[in-house]
Amino acid sequence: MSVDESRFARGLDIRREVLGDAHVERSLAQATDFTRVVQEYVTATCWGDVWSRPGLDRRTRSLLNLAMLTALNRPHEFSVHVRGALRNGCTQQDIQEVLLQTAAYCGAPAALEAFRLAQQVIEQLRQESLTT
Amino acid sequence: MSVDESRFARGLDIRREVLGDAHVERSLAQATDFTRVVQEYVTATCWGDVWSRPGLDRRTRSLLNLAMLTALNRPHEFSVHVRGALRNGCTQQDIQEVLLQTAAYCGAPAALEAFRLAQQVIEQLRQESLTT
Amino acid sequence: MSVDESRFARGLDIRREVLGDAHVERSLAQATDFTRVVQEYVTATCWGDVWSRPGLDRRTRSLLNLAMLTALNRPHEFSVHVRGALRNGCTQQDIQEVLLQTAAYCGAPAALEAFRLAQQVIEQLRQESLTT
Amino acid sequence: MSVDESRFARGLDIRREVLGDAHVERSLAQATDFTRVVQEYVTATCWGDVWSRPGLDRRTRSLLNLAMLTALNRPHEFSVHVRGALRNGCTQQDIQEVLLQTAAYCGAPAALEAFRLAQQVIEQLRQESLTT
Amino acid sequence: MSVDESRFARGLDIRREVLGDAHVERSLAQATDFTRVVQEYVTATCWGDVWSRPGLDRRTRSLLNLAMLTALNRPHEFSVHVRGALRNGCTQQDIQEVLLQTAAYCGAPAALEAFRLAQQVIEQLRQESLTT
Amino acid sequence: MSVDESRFARGLDIRREVLGDAHVERSLAQATDFTRVVQEYVTATCWGDVWSRPGLDRRTRSLLNLAMLTALNRPHEFSVHVRGALRNGCTQQDIQEVLLQTAAYCGAPAALEAFRLAQQVIEQLRQESLTT
C-alpha cells in the first residue's frame, strides 16, 4: 500500500502512546508478509488520520471506541481499547458508565459481554502491576 | 443505580426460576464492584420489567431469546438461554425448529453457530445429569 | 435455479396462507427477469423448507420472525411479517410483548423502530377494513 | 409495565431537557395504546436509569449515542440524538469528529450515512431558527 | 484532515472512473463545511488506498462491495455501487448471482432488499438511457 | 426436512470439492440427531442451490464469502472458507486484497480479526503440509 511515510509515522507514535510500546512492538513483531498490509493501513488511517486530529481529546476518543466496539461486537479489539482507555486517563468509573449506556442502546447481551471483557482486562492489569 | 428494590427482587426471582439457582448464585458471587451495576440493571430490566409480564408464556419468551441471540451473534448469552429454554419446558425439537428458522432469515453461518452451541449445552446437561 | 417443483408449490401455498393472496399475487406480478430468482429461492427455502415443518405452530413462527427482523434491522420484511402475524392469529398484545422484549435484548432504538412500523401496519389494516 | 412512578418522572424530565419539550410532547401525544408501553419503558430505562447517572456529563453521553447509533444503523434515533447533542452543548465540530471516527471503526458506508443525516438535521435547525 | 494530495488525487480519479463524473461532481458540489471531511477521508482511503491497488480487478471489487453492503445493510451506498458495478463491466447476471449468494449467507430479508434496490437502479438506468 | 435427494447429493459433491473430503466427512460424522437437520439444510441450499449455479466461478464465490463472513462477524465459518478459498485456487494475495477492502467498508476491527484468522489457517495448512 502506498501509505505515505509521514502519516504512518505520525500514526505509529499515537498508537504507541495510547496502546503502549509493549503492545505495539508485539503487533509489529508478529506481523507477517500476509498481515503487514493491514497493520500499515490501520496505523495510517485510524491512528494517523483520525486519532491525530485535535478536535476531540484522547479520553473521549477512547470512550467512543469502547461504545462502538461493543455495538460492533468485536471482543478482541474491545479488550485492546479497554487497556488503551485506562492508559489515556479514563477511570474505571468512566468505562463503567459507557458500558452501562450500551445496555440501554445495544441491548443487555452486548453490555454483559463488554463488562465481562473489561473486568478481565482490569484483572490482568492488577496481576501485571503485582509482578513488576 | 437507583433500581427500586421491588423491581430487582421480582426480577431476581424470575431469573432464578428460568436460569436456575446455581447459575444465578454464581453470577452474583462473581460480581465485582465494576460489574455489579450491569447485573442489577439486567435483573431489573430484562427480568423485572419484561419477563415478569404475563402477556407471553415463558416457553415462548425463551424461544424468542434464542432467535434474537442468534441474530445478534452473542454466543455466551445464547448458551445461557439454551439452558433456560430447556428448564422452561422447551423441548429439544422446539429449539431445533427455532434454529432452523434462523438459517432462512439470519443466514447459514448464524444457524450453524447456534446449532453448535446448543449441541454443546445439551452435551453438558447430559454429563451433569450423569454425575448427580 | 433448479428449484424442484413440489418444494416451490408447497412453499407458495403456505406463503399465500400466511401473507395473503393479494400480497403474493403482487410480488409475483412485480417479479422481473432480474428478481424472479430470489422470489423462487425464498419461496422454496423459507416457506417450502422451513414454514412447512410441523414442529412449531405458525403463530410462534410469526413471533420469531418479528423478533429476528427487529434484531436484523430489516424494516420492509418486518412490516410484511406484522401483517402475516396478525393473519396467523397473533393478537396485537402478542406483538406488543415480543417488541418490548426486543427493547431489552436488542436495545431501545431497535424496539422504537419496530413499534413505529408495527403501528403503521395496524393503521393501514384499519383503513383497509373501513374501505372494503 | 410496572414502571415505578419516580423513575419514569425522573426520566421524563431528563428526556425533555435533552431532546426538547416540543419533541417529547409530540412523542407522548402520538403514543397509542399499542406503542405507549415502549415509550414508558424507554423513558424509564434509557433516561431514568442511565442518563440520570452523574458519572458522565450529558455532552459525552450524547457523543457516545451518536457513535453507537451509527454502528447500530438506526437512522431515525440517530437524527433525534443529533438534535439532542446540539441542545446538550456539543458543537458541530464535536459531532464531525465523532462521525469521522466512525468511518475508521464502523466503515465508510456507516460514516457517509451518518454525515448525511446529521447534515439534514443541521439544515432543519437553520430553517427553524429563521422562521421563529 | 491531513490527507496528502497525491492520495486524494489518485482516489478521486478512480472514484470518477467507477462511479461516473456526474455522480462525483454532485457529491463534491453538495459537500458542506460539515461533510467535506468525510468526502476527503473516503476518497483518500476507500479509493486512494484500496481501489487503487492492482491485486484485484475492478469488476471483482465491485462484486465484493455489493456483497458487503448487503451484509452491512447500507441501502444508499449499495445503490451507488450497483451503478458502479454496471459501469465496471459487471453484467446484470453477475449481480444477480452475488445477490442470490447473499440469500444463503446473510439471510432472505437481506437478499430481498438487495434485489429490490438493484432492480430500482436498473430501471433508473433504463429511463436515463431513453432520455439521452 | 423434506430435502429432495438430488439437491442434497449435488450440494454434497460441491461441498466436498470446495471444503475437502476430510472436512466434510468430519462434519457428517459429528452430526447428531439434533444438528443433522441444519447440515442437510445448508448442504441443500448453500451448496445445492447456490454454489451449483454456473453464473460465477468458484474462486469469485469464495472471495465473496470471505467478504460477507467478515462483515457478518462469523469467525468459525470464515476460517472454514479461507481453507475453501485456497482449495478453490484463490491465492494468498487475493485473500489479502479482499480483507484489506473489508477494512475500508466494514471498519478496521473487522479487518484485523479477519487477517488474524486467515493467518492462523495459513499457518495450520503449512503445518499440515509438513506432516504429510
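Points worth noting:
A, B, C, D, E and F label the chains in the order they appear, each numbered from 1.
The working rule: a residue touches a chain if its C-beta (ideal position, glycine included) is under 8 Å from a C-beta of that chain, and two chains touch if they have at least 3 such contacts.
Per UniProt, the chains are A, B, C, D, E, F = 4-carboxymuconolactone decarboxylase.
Computed from a predicted model, the values in this text were never measured in an experiment.
The most distant chain from chain D, with centres taken as the mean of CA atoms, is F. Rotation angle relating chain D to chain E: 120°, from a CA superposition, given to the nearest 5. Chain centres here are Cα means. That of chain B falls 25 Å from that of chain C. Separation between the centroids of chain A and chain E, computed from CA atoms only, is 30 Å.
With centres set at the average Cα position, the gap from chain D to chain F is 40 Å.
Multi-chain contact residues of chain E (touching two or more other chains) are listed as 1, 41, 45-46, 49, 53, 69, 72-73, 96, 100, 103-110.
Those residues of chain C that touch chain D in the shared complex are 73, 92, 96, 99-100, 103, 107-113, 115-116, 118-119, 122. The touching residues of chain A, when paired with chain F in their complex, are 1, 32, 34-35, 37-38, 41-42, 45-46, 69, 72-74, 76-77.
The touching residues of chain C, when paired with chain F in their complex, are 1-4, 6-7, 41, 44-45, 49, 52-53.
Across the complex, chain E meets chain B through its residues 104-110.
The residues of chain D lying in touch with chain A in their complex are 45-46, 49-50, 53, 55-56, 60-61, 63-65, 67-72, 93-94, 96-98, 100-106.
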